[in-house]
Every structure is written in C-alpha cells, then in structure tokens.
C-alpha cells in the first residue's frame, strides 16, 4: 500500500461538555496540526498516489471553515463535543467525499483509504482511518 | 478506526547479552520517549477514545517502575535483554491489562488495540501493536 | 554561557483587536508549546544551571493560570492583545520574578537571563530573552 | 506485530514529466529523510526484530547509489518519474531483497513486512508498505 | 529582545565546486526548510514584532525565485557555491532589504536583526544573523 | 554571524551525587542528542563555515569515548556529576581544541565560537556557548 501525506493547521476555540473533561469544560482553544494521508494500492500513470499540491489544496479547503473559529458557534457542530478524535473523522469524511467526487485529480475508486492525524500538542494526538 | 496517542519518557540504564550487540553489551543507557496509542472502532458518549488525561496517567503509572532504574537490576527482567522492542511489548501488556480491568475510564472491551512506540534517538525507534 | 531549557504547553482561547489580525480578530485559540531557557555563566556545585525538575515546576506554576482559559476573560490581560510575543514576555517576567526571589533552587543573582520561546504551530513561533 | 525503524537521508536532483507537476517539471531537488521499518511477529533469541546497527547499514547500502545523484541520469530510472512515492517502493524492494537473501542478520522468512517512509519536507511525506 | 519566526521551504538542485565537497561536487539537490526570525526591542501597538501572516508572505516572496530551480542556472549565483550557509545570507539580505523599505508592515528602523536558519536534513543546518 | 550545526547522539549510563537529584541519584541513563554549532564571521573561499562532513566527523570523534559507556566509570569524570550541562561544556572544549589545532579544515582563528546543545528528552535540553 502506498500513501502520500500532507500537513496543515488550524487555530480554534471550543469547550467540552461532560465531567470527564475537567478544566477543559471551560472555553479554551487549540492549534491542531493536521496530517492527511491518502492511500492507494497502485500509483497512477504519473507515478503518484495523488499530486502533493492537490492534496494540500484539498486539505486546506476542508480546514478553511474551521480556522480561526469558535467551534462552539459552528451550527454543524451543535450538541457535539468537538474533540480531537471527533475532528479527525470530520476531516476524513470531507476528504473522502472529495475523493468520491473525483476532486483529488484521480478517480476516487482508485484511492483506498484516508488517515487523518491531528496533533494537539507535543505530547498528544489522535487519528482516524477509514475507507473512501 | 480511531486512536488517541499520548507521550511520556523514561531515562534508564541497561546492558545487553549477545555478540550481536557489539559495544551495547557494556552498561549504557537510554532516554526512551514512549507513545502509547489506544484504538477503538467507535468514540464513546463524550466523543473520545479515552480521555487524554486518563491516558497520560495510565502510561505514567506503567513507566514509573522503570524510570531512573538500571533495568539489569529489575527482578522482573532477569535473564532477558531489555531491548527497545522488548520494552514496547512490556508497556503494551501492562496498558492492555489496565484496559481489560476497566481502569482507563472506558469498558475494556470497547477498546480494540494498543500500539506502543519507543523512540530511542532521532534515528531509531521500535513499536509493538496488538489487541487488548 | 550555559542554559537549561524545559518544555510544557497550554491550550487557550483568545481574540485580537486590530485590522492587522484579519480573521484572527474572531475568537479562536491555540496550543502554545513553551520552552523556558534559564541561563548562567557558571554551573553550581551540583553541576547544573538549575535542577531540571525545579525548572519544570517553575514553568508549570507560571502556566497554570493560563491553561484552559479564554485569555480575553483574564483581568490581568484586559485591553491588551495576548499575542504569542506578548505571552513570551509575560512568562519571562514571572519566571524572572521567581528567580529574583530565589525560588528556583539557586540564588537569583547567579542566573543571568531567561529566554522564553512559544511555538504556536509547526510553522510559527516567537521568543523573548532578557536579563533577570 | 513488532517493528524496528531506522532513519537516514539522501540529497538528490531530479525532474518530473507531466503537466500535473507544474513547476516541478523543471530540474530541482530534494532532501529525502528515509525511515525504514522492519516488521516481525516475534522477536528473535536476542530480543530484537533485527539489530538496529544492521538495519542502519542495510538502509545505507540501498541509499548509496542514490545519494548526491541527479536521478534523471540513473539508467535504472530511465523513463520513470522518480517521485517520492516511487522511491519508497524502490527502497522497499531492495530492502526486501536483502531480507530474503538473509542479509539482515535474521532469516528473511522470520520478517513479515517492511514500510519505507520518505519525508520530503516538514509538510509532505509518502510511504510504501508491503510483505517481504 | 523579541523575535517572531516563520517557516517555509524550497526544493532545489545545485552542485558545488571544490575538492572539499567530495561527492557533493556532482549535481544533486536539497529540500531547504527555512526559518526566518525577525527581531525587535519592543512590540508595536498591536502587540507584535511584525504580523505573522506578513512574515510568511515576505519569506515566500524571497523564496519564490529559488523554488524548483537548478541554482547552477540562476544568473545571480554564477560563480558562487550556493551552500546552505551562502543561502542563509542571501535570504537574510533580501528580507532585510524588505524591512528597510518598510514592506513588512512596520517601520524598518524598529526592527533590529534577522536570523535565517536553513535545515538541510534532520542532522544538519546553518544560520546567519545580522542587523537590518 | 554564520553558523553550521550538525547532529549526532550517544547512549550512556550515569548517576548523580546530591539530594537535589532525587531519583536521578540512582544509576540510570540517557540518550543525548547533540547539536554542535560552529560559528564564524565570514565564510571561507568555498562558501562554508566548515565542511559539514568534517563537522560530523569532528563531533563523532569527540563522542566516541562516551558512547555506550557508564560515565561513572570514566576516569576523566571521577568526582563530578556528568549532568547534561557539564557534558555540553566537555564536548565544547574538545571541539574548540580541535579547532585551535586546525583540525576542522579551516584555520581555528577564523572560527569564533561553538555552541553545543544536548537534548536529553522531548522536554528538556541544555547548551553551552563559548569562544574558541
């Protein structure tokens, strides 16, 4: 299996609901450094999984509505805890959708899976990996 | 599959038995930077794999008996080479045990696997991944 | 000149006032990974600048009132932009104060300067360095 | 599954053919930081996947013909785009060949898979993973 | 002294003249990851050294003529070895020029110095620091 | 001022004397990742501070007597605490000596200073900088 992975980041505010979160129940924030890995069994005729520039653009487009936002105010996230784990799947699903719609410069069915990793600090990160 | 991964470290002394190890047969030491990744098919009701704070504590508890030790003197490790690989499984097994005993803040059967990665320098690391 | 540097982090929310900041005028947030470097011309009798454990504790104490906070609501910061640069000096000043009060395990006058570096992402950071 | 991973690097020139590559169609270059991860179900009698020193040497041997080269001039690569993805498989295949010939200090059939990751910058990397 | 530092990268080909360089006399290449640190004694009215977005843009503008190039073919560099050290000063001088022309969003005379660091691999880097 | 910096590492055992060190009074160990930065006002005729290959070799030669050792048994270190800070100066002094003896491929008097940084973990490091 081949993979190509690109990195970008967002800076957001949010708060969590639930005793589990202790002090993180208060409004705070995070820099999320996001790695998106696109996977394929075979390279295309150009010798790539997908073009790295294209991968960067696709990730940036998915991140744009999140960047510099208070996620507590984003209607799409009403009633959910926007945990690091939750956001890995949110980003994955949008990238997978773009892949299925052939917007990554390669037919979506030639891509197999996407893994999204979010580093929230130098000591904690989360990831989600699933098919397209 | 979701994963949440936390990082901690220990500073230990040890020596290896076997010609294979060359100069590492002498008493030397290492800083082991350890990443423990807890994996689950689904997030829990709070939207997490397990709480990151809880994950940090669980890892710290497993590492405590190793930190600032000469592993050659730890009875549990008598007669074994405490290689980086060996220690990845040692830490995995203790974390998996804690998971099975429901000590990670989530029923153990809801967790699927744990991967433990140990970086021993900027140019070498090892990992072990197995079910719970 | 000798230095010993320790790392910790905080996760905060804040917003900026001023057209310069563009989208960062909205409430957003950041993970700030902070490195505090304590500098001295000579090592003490134990062979250290200051004890690394002590340095970690001193930094943690200064960061505690910031962690998991919306900095816009912290009275001490009323009317100022809590930029990365501003916070490097804020943390420096508190650490320098602790040093002058001999709370770092070594007479403050034996320490020369402190540099505080804050990484706000994988592509941007700021630092402030000044005497004690 | 156990893995041991070692890191090295090469500095090469090359160019790509195909509109997809935009400005990268011109002769340019890259530092490729390469991680090779050797995987095995069980540790050997010494408690390792393979010796880390041996792993470093095996990787260095495979990289030597690439280092400080213009890959456009390497006969073996005539007519192909030496993309990051392509090179992950090239390195994998040579390491797998060394494994099968029992040149890694352990019978090749005891190793299961090799993953080769190439970081081409702080924001992009690729990997290839396959059996031996 | 305050500093704000931003990161970007270029991928270039080049060769060196001189026995000192051994195999690097051949045409090869590099990914240069570049950190540019802008330094000032005081923050401006917004609480910044210079705006981070502005800093990123200024660095990108200086790097653009280098990216995806064979530096051996760049007329400006005819007859010089485009070593990592040489390029740190090249980038510094262009950024300092932009500062003096007040193109960084703050009067140039309020900035004191610029340090440019280029990482050419995970084990080697160079920097140049000088006034504006 | 120009600098060129190279990285290497050693894996050592040692113990500390003094209540200050708490659990680190016991025999333990560390991976020390060492960066040595050679500084000069001007580049030489080749366009370098010193050759990077030469810098790597010089650092390796200084580290060799430390690697895979129990520093408590090294006669040269009898009666001293081989703290991270202490070792930064030890390495500096040996590199400065090599520079003064013109063993770095450039007349020693053309080099100005050396800074040695030792990272002992992902959260702690020390450095020493002094003239040659």
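When the chains are written out, they are named A, B, C, D, E and F in that same order, and each has its own residue count from 1.
Note that contacts are C-beta pairs under 8 Å (C-beta built on N, C-alpha and C of every residue); 3 or more make two chains touch, one makes a residue touch a chain.
Computed from a predicted structure; not experimentally measured.
For A-D, the matching interface among the pairs D-E, A-B or B-F, defined by over half of the contact pairs being the same residue numbers, is A-B. Both copies, chain C and chain F, contribute mostly unmatched positions to the interface they share, with under half of the numbers common to the two. Seen from the C-alpha centroid of chain B, the farthest chain centroid is that of E. More C-beta pairs touch across one of B-F and C-E than the other; that pair is B-F. Taking each chain's centre as the mean of its C-alpha atoms, chain B lies 27 Å from chain D. Computed from the mean C-alpha positions, the centre of chain A lies at a distance of 41 Å from the centre of chain F.
Here the CA centre of chain B is 31 Å from the CA centre of chain C. Those residues of chain C in touch with two or more other chains are numbered 7, 122-123. Chain C meets chain F in the complex at residues 1-8, 43, 45-49, 51-53, 55-56, 105.
Against chain A, in their complex, chain C makes its touches with residues 7, 9, 11-14, 23-24, 26-33, 67-70, 120-123.
Only residues 16, 18, 20-22, 80-86, 88-89, 122-130 of chain E touch chain F when the two sit together in their complex.
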